[in-house]
Each structure stands twice: as C-alpha cells, then as structure tokens.
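What follows is subunit A paired twice: with subunit B in the first complex and subunit C in the second.
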Partner chain A sequence: MFLFAKLGCDSMIPACPLASLPRGEALRIEADPPIAVFHTEDGEIYAIDDTCTHQDASLADGWLEGCEIECPLHASRFDLRTGEVDAPPAKRPVRTHRVVVENDVVFVVPSDAPPNLPPGVTVKGQA
Partner chain B sequence: MRIVCVVGASLAGLLTARALRAQGYDGRLVLVGAETHRPYDRPPLSKDFLKGALDEADLALEADDEDLGAEWRLGVAAVGLDAAARRVRLSDGTEVEADGIVIATGASARRLPGMDDLAGVHTLRTLDDARSLRHDLASAKRMVVIGGGFIGTEVAATACDLGLEVTLVEAGKTPLAGVVGAQMAEAIAALHERRGVRLLRGARVAELTGEERVDGVRLTDGTLLPADVVVAGIGAAPNIAWLHGSGLRLGDGVLCDGGGRAIHDEDGGEIGDAAPGIVAVGDCAAWFDPALGRYDRCEHWTAARRRAAVAAETLLSGGAARPARQRPAYIWSDQFDVKIQFVGHARHADTVVVEEGNPADHSFLAVYRQGERPVAVLGVNQVRLFSRWRRQLETAAV
Partner chain C sequence: MTTSSVIPTLPGRYYVDPEIFALEQKNIFESMWFCVVRSSDLGKPGAFKTVQVGTESILVTRARSGAVRAFYNVCRHRGATIRTEESGEVKRTFQCPYHAWTYDLDGKLIAAPNLTKMADLDRVEYGLVKVHVREWLGYVWVCLADDPPSFEDDVLAAVTERLGALDLIDNYDVPSLEVGRRIVYDVQANWKLIIENFMECYHCATIHPELTEVLPEFADGYAAQYFVGHGAEFGDEIQGFTIDGSAGVDRIPGVSEDQDRRYYAITIKPQVFVNLVPDHVILHRMFPMAVDRTVVECDWLYLPGVVAGGKDLDKSVELFHRVNEQDFEACERTQPRMSSRTYAKGGVLVPSEHHIGAFHEWVQDRIG
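Entry: the complex of A and B
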C-alpha cells in the first residue's frame, strides 16, 4: 500500500479509511491474533485485541458505551484506553494497541506485549 | 457499619464483597463458605471443564493478585441466623455478629429418590460433583440424562461431543420449552437430535436400576434404558434451610424487596417490612419484580452480578438507595459448538418470528412480541446481532 511504504514503518497495519468507520462502530482486522478497532461516540479511536480474555468471543461484536466495550457473551467490560476489565467472568485485561490516523486513514501499531488470550485460543504458528 | 458477614462464598458472595469494597466500605469483612474451595465459576462445569478443555485453575473467580482484605471462613457452613440480632451461627460452633449480613448461599441440585445408594448417578452443581462426573465419563459408553433444562441439555451435548451414546429424558414435550417457548425449543431439540442425542419426550422415570452401581433407568412405560452413568438435571432448590426460624420471610428463596433487602416475618410484627442490615443475592434470593408483580428468583450468572452491586449499595445506604430498575434476565448457554443467548420472558409473547438466519442451520435470531412490542429475543450463533437486541430490550424495559 502506498501510504504504508511512505510512512516507512512496516509494523503499522492499515485498518480502514477513517470515513468508513463511523462513530459508535467497530471493525475487526484479521491479524493474528485479530484486532478490534473502535470509534467512540466522542470521536476517539482505539484498538485492542479482538478476542475476549475469558473465552473465544469477538469484542468487535460487543456493545460500545463511552470508552468501554462490553463482551457480547458474558458482559465483562473492558476499558479501551487501558484494557482493564471491570468484573468477571473475564479476569485479565485485554491487550491494547496504538492507533495512528494519517491522511484520513486509520493505522494500528501492534503492541509487542504478549496477548492475554483465553484458554484454548492460540496465535497461529505457536503451540 | 463496621462488620459485614457474607454467607456463601461463591459468585454472588464474592461479587457483593467486591462491590462493598468498591463502594468504599473499609470495615471488617467476613466471608463464610461451606465449600473448602476458593470462589469458582460454575458454568464451565457442564461445558469446557467437563469436556477436559479447562482445568481447575481456569475456574477461579478471583484475579491472581486480588486481595479483598477479608477474613475467609471456608469449609464452615452457617447453620442459623438471628435476624434481629444479626448473629450468624456457624457449623464449627462459633458465631459472627455483624452490622450487615449478605445472604448468598445459592442453590443445591435436586436429587432423585434412590440415587444416594447407587454409584454412577450424578447431579451437577459443585466442583466436586464435576470432578466425579468427569471421572465416570472417562470410562462410560452410555449415558442417560434425566431432565431437559439447561444443565441437562448442556451435559448431554458435552457427553455427546466426548463420544458417548446419550439419551435425554424429558418429561415435557420439548427440552428448554419453559425458557424459550415451545416453538423455538424445537429448534434446539433438533440440534441435539442431529448431533446424535436420543431425545425421549413426555418420558417419566420410574426407577434407577442396578446393584451398588447404576446399570439403567426404567421409565414409567416400562422401557429400560441401559446406562453406565446417569445425570439428574432436575432443577435446583435455594439453600435456605438454615434460615428457618431466623425471622426472615422465606418462599421460593429469601424474599426481598426490589433493592435486595430481606423481608421480615416476625410473629405479630409488621409483615412485609425489610429487616435492617440484611440483604440476599444470587440463586438463593427472590427479589420483588414490579414488572412481573411477584417475587422472582433468578438462577443465572448475569443476574447475580447485576444484583450484587445493587445489594451492596442497599446495605451501605441503610436501605435508602433507590431500588434499581429491573432489567429482563439475560441467559446464555453453550451446547455443542452453538452459542445460545436469550433475554426477556417468552411467556409474555403472542408471536415469535425468526428475523435472521435459519433454525435448520443452527444460526438464527428470533424476536418474541406482545402486540408490536418485543418482549424477548433468542439468538443461536448470532452473537453480534443478539447483543444489539439485548441492549434494545434492556433499555426499553420499564
């Protein structure tokens, strides 16, 4: 991708044009593990691992309220800014990623921290 | 408030204790639990834990670094309560006198007559139950599940996935019809049958057969179902026997007002007044639901979590907190590779319409309406759409 090369940063993942992610909406990037990108009603954009830390649910399918995403299965809520979880069944925070918006395109800078994937879910290519 | 005693150290007890701390309570906190285990999560006991995909450490409800600053009295049961004095008597002969009491003793699985004398017959409520069932499953070939509620259908699905020959005995016409309504229950029944569960409808158990170890289940029509292992999923009864004579009013659970305050039941006293400083929460508690016009005991995970925060607020405010707006119960269940989600009350509906997907593909969403108004929604492998509908129902509810 043109922008990608120009920014000279091969660890940035282009997510989508800003215009295609309206406020209140979420998008799932099929990275490994997948990443969810959220555009809050206040206009902020955040990225976190898409997989809930409790079980294999896609947080992009959840309910966005303010800066929190509620897991669509068992309703634990994660703070999009810090990844912290409010109440069980999830116990571990979700990994957060940095977001960069350049020329009206949303990019995610994947974190190099280890992900907190639920039991039974692994990153492809790893045991 | 300087001492709070929480009786029952599982989901509802832990979450109420946590909510008390989160709401600023910094006094003594005593947690009394009949089981020796730290609080653990029950839903996986019939699903991934039974299947062997999760181990015991995965069930812990507490975070690794969590410290509530509480005194844990585990392996000790409460055997009596004096509501007026707020004194709890314990099975080890000691007593705890407190300014606030949280009753969170949950429920116990109902048992079948005769099952105590036969090995291989199980109920499923506790970690110890699940351990012993998991052990029996490893060598069993044929399983009979009695009762088509959530526990029964989940265990049947798990055992089927593990390769057992499973027969599900349902007394009514269709499993889960009481929750999702007769029409949609057929879609879930079809899922079970397609995956290999043998479903017997309108079937009643006459007796368990076998000497020392169960070898079959005989139905009232004479049919004998051979079995190496039997699970009875015939419901759960609230653990309130220890509260008889306490001064609290008991029905199907500890009766509470809409904020979780236990109701007084003193002879000659004002019937219906709240007992000061006592709340009940979780599977043992029946809160008054104005929308339903009756006390409602909710035996589901999300209800326990929601009500724990309300009960803590009620206790700390001395009952001055405004009762929370009731929201329709949200229920989830995992069966085979299918996520079942339900919110609302099916029996309030006069129509049910599949609005997305197809029941035959085990992926659909059905909306239940009373007139024009949606009163319940069922999602089967429709997680994203269901979460939108659930929000709509919760925010629209009065």
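Entry: the complex of A and C
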C-alpha cells in the first residue's frame, strides 16, 4: 500500500483480469512502447518491453521457458526478472516493469528508465 | 477380321518429351493421392521431411498434437524455400532463412520482423499453405488437388482390384510393421517404364533368376498382377522369400493359410508398389523427378520384434534388392532408346503384357 501511495494509481496500466492470462501465456499491451506480460508455469507474473532489442519482433509471440522468454525470430533469450539477454544477436537488455495484482486484475507500473528499442523503432512523438 | 497377338505400346515420345512429363506432373502427380513418407519417420513433433510431388516441394511434419501436417515448402512472403534438407527436426517452428518469417508446426505465421506493425496481416491466411493428408498402411499420403479425389476410390480400390478384397491386406498389419531396411534407388528412366516393368513378368525368367527360383510360376511370364486374387506360390523346396530360398523370419500372425507361402503384388497408381509375403512387406514409393529420372525409395517392413531383435535380414532383403537392381538396370537400358526414330510409334505388348495396355489408356486419358 505504501508503494501505491508513493507512485499514485494513475501510473498503473491495467493489463487484464488474472483469470484471462493462464500460466505459460503472454499478453501484449499496446502501450508506447508496447509491453509484454507473462504468466510463468511457476505462477509468477512479469512485465518487460515487448520489442526485442535486436529487431522489431514481439516477445509476447516468443517461447516462454521458466523465467526466460526466447525471441521468436532469432532466439535471443531474455530473463524476465532482470531483462538481461543471454546471447546475440540481441546485445542490450529489455526494460523490466513492476507488476501489481489487485482484486484479481493485473496492473503494470511502467518503468521510467529509457527503453532499449531496436533500430527503426521509436517511441511515438520522438524522432 | 483377324486379331493380332500383339498390341501397341505408347509412342516413344511419351518417355522423353518434357511437355508430356509436365502434363503428367500436373494431371497425375499433383492431382492424385501420392504416398510420401513412412509415418514412423516423423517420430515426434517437429520432425520433418521434404519431398518432391510433381513440380512442387512439400514439407511433411508432425504437429504438437501428434497429427501429421503437410505444407507447400514455400515462404508466403517472397517465396523462398523454407527447408532445403531432405529431412531434419525443428524444435518449435519453421523459419524462412531469408527474412525470418516464422511459422508454427500447424503452419500459422507466428512471427516476422515488424509483424506487429502489420496488424491487418492475418496470421492464418498468411500461414504456410496446407496440403491434404491421409495416413494409411503406416504411410503419409498427400494430395495437392484443391478438391482431392476419393481416397477409397483411387487408392483402396487398387488393392481390392488386385487382391479381390480390401481386408486381405489387413492380415499383414502393415501399419504396425517396422522398417528393417530402406534402400533408395536413383533410376535414370521414365516413371512409366518402372511401372510397366513391375506389372509384367515376361522378363522374369530372363533377368530375375533368383526370384524365378523362389516363384517357379514366374517362368511362364504371367505376373501375379495379371490375375485377381492370385498370389504366386513358393516352389516346393523353398522355405522362405529369401535370396537362396532359406527360411525367412517370423511370419506375420494375421497372414492366412491361403496367403502363406505366396507372393502378392499390387500397383497403386501412380507411384506405389506393395509386395506381400508371409514374413514381410516390401513397399516402393516412386518420386518422378524428371522425364528421364525417377527416385525409388524401397522399404522392407517386418514385425517389430524381428527388427528389435536384431535378426539378420540380409538374405531376406537381398532377394528383392537384387530384383530391384535387375529391373532398374533394364529400365535404364530402355530409356535412352525411347527417342530412337525406330521407336517413334513405340513397340508391342505380347499377350502376357496386354494388361499394361489399360495402364497406357489410363495415362493418355489423364493427360488428355
């Protein structure tokens, strides 16, 4: 509750009802830039930037194994907890976001760190 | 009116003209059910084979559900070949190596660079194009026609026509047999020469001394395929269908007393031969690659216990392997002369070959 008070509820993005995101599944939120929310087989929920840092691909379309998501295009794997990447072609980590589950609804608290977007992908309103 | 003892074959150009072959590819191989892969060769999801059917390359695989799927081996983006290997295994997806369009094992487009910016692109519509699939005798059969002909009328009926009843092949329990040996022959001959050769036995006493020793009635030139429901009987001294007539391996339990000690042969047009003997089944799949080149994959199928037990299959395999080599050598001897001016109107079929005339009429009817 202290966290909510500090951040303010306005900065939380409602993602989906918890029940609509089964374990092993992912959801893409059309934020700017898009965010991917994952429900792992172990029951944890994580949110990261949806776009691979190597090329414009949706990580929500990738392959979830444990706490790692494999990019569907070139198989770089990102750690959902830290955003770190295991092997090229991606070299930079993805941004991670805090997740809050309240009243069985999943919310994402977007990071205010700068995103690591691939070439050719920009945040709207920025060149 | 006098009747001749011989009837004409097809003219020589039917065996050398690329335009006729192109018609056969379109109206026969790309229109009919075509046997491509032994189901057990696709052992688990993601295992795949690529095969040529007519002019097309077809990717055959097994989906997560365990179901067999077949697709045109063509990327929906810019047409690159998805997989160039004859066989292999993918973990989860087929990815085009050109621009990384990525398809799941059901063919659906699941990822591509910038795909999220093309929300209007339907992932099923732009998935790999599916080919119709059936499984029978433990093999995958595909049909490239939009509206496939009846499998029962085209494939199963060929068995009924030869054996007299469809369920007689069930006695051999072909789906549960295992591949004990596979030999691939790259034959420099038109596919029809191979079919015609398989349909007649006028040549048997000349080029198949070992086979004729095992099946003495073949010396009279009438093949098992001349009759309905007739299996050629083993010679009195013959113990099994082996190169030297020695005993074979364990008999397939369902084989009836009537079928024991006999050899049955079936041609399933356009590219499959099935040979039934009491302890094994030999199945040929032909892949016509060019007007003068046909790849033949031949499987020797035995009871699972026979294969697992590591029994010596050499004498069993050697008999029909030698028959194959003898037959294909004859076809390769014939192919180069199909363009001779003396064969422009073709040759003749003797009475024990007259049933091949029906095959020729069938070909002409299909290609119009």
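We adopt the following convention: the second predicted complex is superposed on the first by the 119 of 127 C-alpha atoms of A that agree within 3 Å, B and C clash if a C-alpha of one lies under 4 Å from a C-alpha of the other, contacts with A are read in each partner's own complex, and residues count from 1 in each chain.
FYI, a residue touches a chain if its C-beta (ideal position, glycine included) is under 8 Å from a C-beta of that chain, and two chains touch if they have at least 3 such contacts.
Quantities reported herein were computed from a predicted structural model and do not represent experimental measurements.
> Which term applies to subunit B and subunit C once both are placed on subunit A by superposition, clash or fit?
Pair status: clash.
> Tell me the contact category for A:22 with respect to subunit B and subunit C: first, second, both or neither.
neither
> Should A:88 be classified as contacting the first partner (subunit B), the second (subunit C), both, or neither?
First partner only, subunit B.
> Given the touch rule stated above, what does A:119 touch, subunit B (first), subunit C (second), both, or neither?
After superposition on chain A, A:119 lies in contact with subunit B alone.
> Looking at the overlay, what does A:57 touch: subunit B (first), subunit C (second), both, or neither?
Both partners, subunit B and subunit C.
> Is A:73 touching the first partner subunit B, the second partner subunit C, both, or neither of them?
A:73: touches subunit B and subunit C.
> Would you check which partner chain A:43 touches, where first means subunit B only, second means subunit C only, and both and neither mean what they say?
neither
> Flag for me the stretch of subunit B that overlaps subunit C after superposition; candidates: 3-11, 111-119, 291-299 or 345-353.
345-353
> Can you list the residues of subunit A that meet both subunit B and subunit C?
Shared contact residues on subunit A: 57-58, 61-63, 72-74.
> Which stretch or stretches of subunit A touch subunit B in the complex?
Within the complex, subunit A contacts subunit B at residues 57-58, 61-63, 70, 72-75, 87-89, 91-92, 119-120.
> Could you pull out which subunit C residues touch subunit A in their complex?
The touching residues are 92-93, 95, 100, 102, 110-117.
> Mind listing the subunit A positions that touch subunit C in their complex?
Interface residues on the subunit A side: 28, 34, 50-51, 55-58, 61-63, 72-74.
> Contact residues on subunit B for subunit A in the complex?
Those in contact with subunit A are residues 15, 18, 41, 43, 48, 53-54, 58, 60-64, 301-302, 305, 330, 332, 339, 341, 383-384, 386-388, 391.
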